[in-house]
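Here chain A shows up in two complexes: once beside chain B, once beside chain C.
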Partner chain A sequence: MSDVVDPVVVVRNLTVSVPHDSGSIAVLDGAELTVNSGSRLGLVGESGSGKSMLCRAILGTLHRHDARVSGGTIHIQGRDASFFNDSDWHRLRGTVLGYVSQASLAGLNPTLTVRRHLVHAARAVMALDTRSAERCALEAIEMVELPRANRILDEYPSQLSGGMRQRVVIASALLQRPKLLVADEPTTALDVTVQKSIMDLLVRLTTSLGMSLVLVTHDLALVEEYTNEVVVLYAGATVEAGRTGDVLNDPRHPYTQALQSSRLRLGDKKLTSGMWLPGAPPQPGEWPQGCRFTPRCPHAQDVCSSGGQPRLEAVLSVRRTACIRSEEVFGT
Partner chain B sequence: MTELAVEVTDLSVRFKSSRGHFVDAVRHVSLEVQAGEVFGVVGESGSGKSTLVRVLAGLVKPTDGKVQIFGHDVNESRRLFGRRSQRLNASNVQMVFQDPYSSLNPYLTPLQAVTEVVRIRQRLSRRDSREAAAAALEEVGISKARAQHKPLSLSGGQLQRVSLARALAANPEILIADEPTSAIDQSMQARILELLLGATRDRGLTIVIVSHDLAVIGHTTSKMVVMKAGEVVEAGATDEILTRPSAAYTQRLLEAVPGRRSRPLG
Partner chain C sequence: MAALNNGRRRRPRVTTHGAFLALAIPIIVGLVGSRLSPYGLNDTSVGEAFSKPSFSHPFGTDQIGRDVFTRVLAAIPINLTVALVAVTIPFVVGTVIGAIIGVTPSRWVRSTVETVLESVAALPLTLFALAVVAIVGPGLTGLIGAVIVTNWARYARISSAAATKLRTIEYVEAARLLGYSWPRILVRHVVPNSFREALAYAYNDLVVVMLLVASLSFLGLGVVPPTPELGAMIRDGRLFLGKAPWLTLLPGGTIVVLSVLITRVSIKQSDPNRVV
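Then we have the complex of A and B:
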């Protein structure tokens, strides 16, 4: 849509650690992610895989969680984030990076009207007089397609339905028209029809604002329906990345394959045993030698449990997988 | 003819809200669940599905209508026997709740929580109860070592399996699962549901599964109802409803399910 073709965010071989006892443990190690301009990317993995940590790394908020980057690189619009100071990050958040957190739905202050929420949010990041801030708030509410915008502005969160509250949260992330919106499980608590309306809205916004979207979720159905690229995270490392249709229809990593086959789909035959993955993902600090998926992998051999976590390697034309046996298991 | 596990006739439940308004959570609902059947209740928030099953579990009193569990009137027996009937109900009907974190006592290890139920329901000695509880947990894939960790150190999927083991330890005839998989990872959902269904097959249990997730209902149940604003808008065989929905509302629900058709990706 624009002449900008550079990726908005590029994360390479990222390691993030948190303090633990006397030393530190890695919660991400080998995370890779490229968000192209205008693309909608699904970031998937089980709980504890590091999805939220990766988002915090992109948004420059790791320090709030006692975590820090200890290896690898993050580039935001081509600039190396390791040189950013607090005010650089502060400026980027809002103008380039928008965030809808998992907790933000519960985070709306019940004693403030929607107008005061948005005016606060706008004036916290932009030098605006009250009137311009109010106009900004109104525009944001109209942008998320809430009907009777003026009336909504005077209501309190408790007067709104869950879906409307989520639209208000999205509106406050869009005040400065960011280039990338990171939405962490934005529809988890919502009904399926409301989920559809919110996801449809997000897709329209990416088009109309020329914005990229990172959708963090464990729901592959959402990824399949609403994204065009996907990154699969397991135990802190990216294990597969590529176009959504390619990756989901023809996985090249046994973990992606297992996630796909454990999905419950409408219209499939009844539940069968053997649909699910045995065991649970390893916790940070308990990652096994070699490929971290080895203990649960049906295709694992001795070679898989030596050395470190395999790096992402290109397979096919635009796909990347971190499985060293990919060609043997899945063919070429 | 098979026995009826649940018979609900013209049930209504009305709550008084904090502002003094009345809210009709369930309006004139009638349904039947055969013994040994896996039955689904589908609906969005506010549809009354949770209130309906809470009436079955004896947690909410019906305002109007009749609810029979294996031929016993829930309301009637309460009036006659007071608290004793609640105990009677508890052994008949067990529930697994949506949030495994809040439905387990954080101070009790899974082994202690299940042991308590076994000791009360099966009247075993302390030592035998512990053995039986460990076996029940083993059955849902929680090792004895795991079972001695406090709930907070276990994952959501593991805790939900503990909840299931605890419910089954009471030897219920009817198991009600209210959104049993909506708080846990997708990769673990099939596992939890398979454990639930395994319990029906092995013990002849009747199961009522409440979910907003049509895929969950489609995979597990043979009969279902769709609820909206307190009323049943569609009832029948699950396969029939999911492939040829007759109510407009059911069609809307089905259309909103993501990932059911491939759309052009651009």
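Then we have the complex of A and C:
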């Protein structure tokens, strides 16, 4: 499947704003994202960079924050999402778009059994009688490799471990075999061994179901190991995008470079300058003129702080960066 | 209260059983005991008036020779049932209304209902009950009605606080995105996860309401004589406090024992880690 490159989702120059006092402020401005069919894409950025907002925009669930798309486009399977109404979104969720939440505890109702969760979810979106819905639920539980599937169906979320709960959440997202699974920090609440087993599972499932994966995280190690494409967000804009290996080994944007060099490695004896990035990311509404990374950028020059946020430009054929000095700083 | 538990969570079911028993036992003892007693509730025997507590009359007799023990036994189920009804109805009504305003997307509905809640919660319960009874006349209907009208607001505020937390929680949002109707989301997802605090308050409220019923009856506004009721019995006995103190002390003591019993249960019920 992975050689089919028609994109499931294409996001172009997206602006999303939330109401604030009497006006509104942009939380995303200049976000770019292309999810190719069968690819696993890592979406990285600091807290507040707009990762979750971008996911919500793709899933059509911005209303929770009263946010709305105020510029740019989202295409889902080639169709312009700005023309979607609620029932269009409803049809897409589950069949095309799947979502796995961050906190697996909050994803499950503590007063319902696993069986009820899955059967409700299956029947809400497909016209099924109880027995086929039950069979669907059992298949989904087996698909996420939970042992003793029949027992687990009758248990409550509180009787499951964190990793098992996350598997149940994944199972309910997969009931209708979506084309794209958006996983918003799926392993944040889990310890590293469980994290590995969940990530391995997600990779196996994307391969066997021919599904794409968007993995939202701030853990570069996860991105490096489990994804083949990466998109780096900073202050609401995509600053770099490309194949994971290329971007992480040979960054073409000073922010990506700073992120990469701030990772601790085995054998590091002490912190050296360049291993951390001074300053803090700007809050939405306080974004600086020009490139939003300028105040923290070691390579910034006067030219960087004029105009608006630079658009993503292609460098080195398959790479894209939003740094106007990319070629001067990193060579060609 | 057991009926309110949907029987889906294991630990609360156990504690609720305990609480249910603690209320059921005095009610059953009272009902059965008063039937088995050799004396009728309203059997008078003027010759035996003001008998001291003895083997034949454990709580003595009153001014017209009625057996006080039999009347106290018969009064326990009445007092407890009235309190139970006057707590359960506002609890159910308030919890559902609170859940609705907790998760409603309409700010207008929310602020309107909250204003009503504030106003109702500002009513002083005892005074309001006096006013209602003054209008509809003495009797249990007016009394229970007054408690319901003032108390549901407290439950609504408690459960709306719990439900507000659920508004942005993912399983509620997921239910909404799946296109479930609001009633279904309320019944399946919001109420089962937001009524526990209100339930804990209800157990505590039981004591308060039981005492309120007794005090209003003491003031002559509750049950109509000759129905046995603990507050009314104290009222009748107070005229003979020097001569026959058991007429006030023993029904009064019964109220104290019941209050302590219910309080013990409510403390256990409010403690999430305790299994009765």
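The rule is short, and it goes like this: the second predicted complex is superposed on the first by the 316 of 332 C-alpha atoms of A that agree within 3 Å, B and C clash if a C-alpha of one lies under 4 Å from a C-alpha of the other, contacts with A are read in each partner's own complex, and residues count from 1 in each chain.
To be clear about the criterion, contacts are C-beta pairs under 8 Å (C-beta built on N, C-alpha and C of every residue); 3 or more make two chains touch, one makes a residue touch a chain.
Source: prediction; values computed, not measured.
Partners chain B and chain C, brought together by superposition on chain A, fit side by side with no clash. By the touch criterion defined above, A:Q195 lies against chain B but remains apart from chain C after alignment on the C-alpha atoms of chain A. In the superposed model, A:T61 makes contact with chain C only, not with chain B.
Seen from the CA centre of chain A, the centres of chain B and chain C span an angle of about 70°, rounded to a multiple of 10.
Look at A:H90: by the touch rule set out above, it reaches chain C but stays clear of chain B.
Within the superposed three-chain model, A:A127 lies out of touch with both chain B and chain C [touch as defined at top]. Greater residue coverage of chain A by touch, when chain B is weighed against chain C, goes to B.
By the touch criterion stated above, A:R263 is placed in contact with chain B alone, chain C being left untouched. Chain B and chain C never share a C-alpha pair closer than 6 Å once the two structures are laid over each other.
Under the contact criterion defined above, no residue of chain A touches both chain B in one complex and chain C in the other. Taken together, the chain A residues at the contact with chain B in this complex read 46-48, 162, 191-196, 199, 218-226, 228, 243-245, 258-259, 262-268, 270-271, 273, 275-277, 280. Against chain A, in their complex, chain C makes its touches with residues 6, 8-9, 168-171, 173-174, 177-180, 188-189, 192-193.
The touching residues of chain A, when paired with chain C in their complex, are 61, 64, 90, 93, 101, 103, 106-113, 120-121, 124-125, 156. For chain B in complex with chain A, the touching residues are 44-45, 155-158, 185-191, 193-194, 197, 212-216, 218-220, 242-243, 252-260, 262-263, 265-266.
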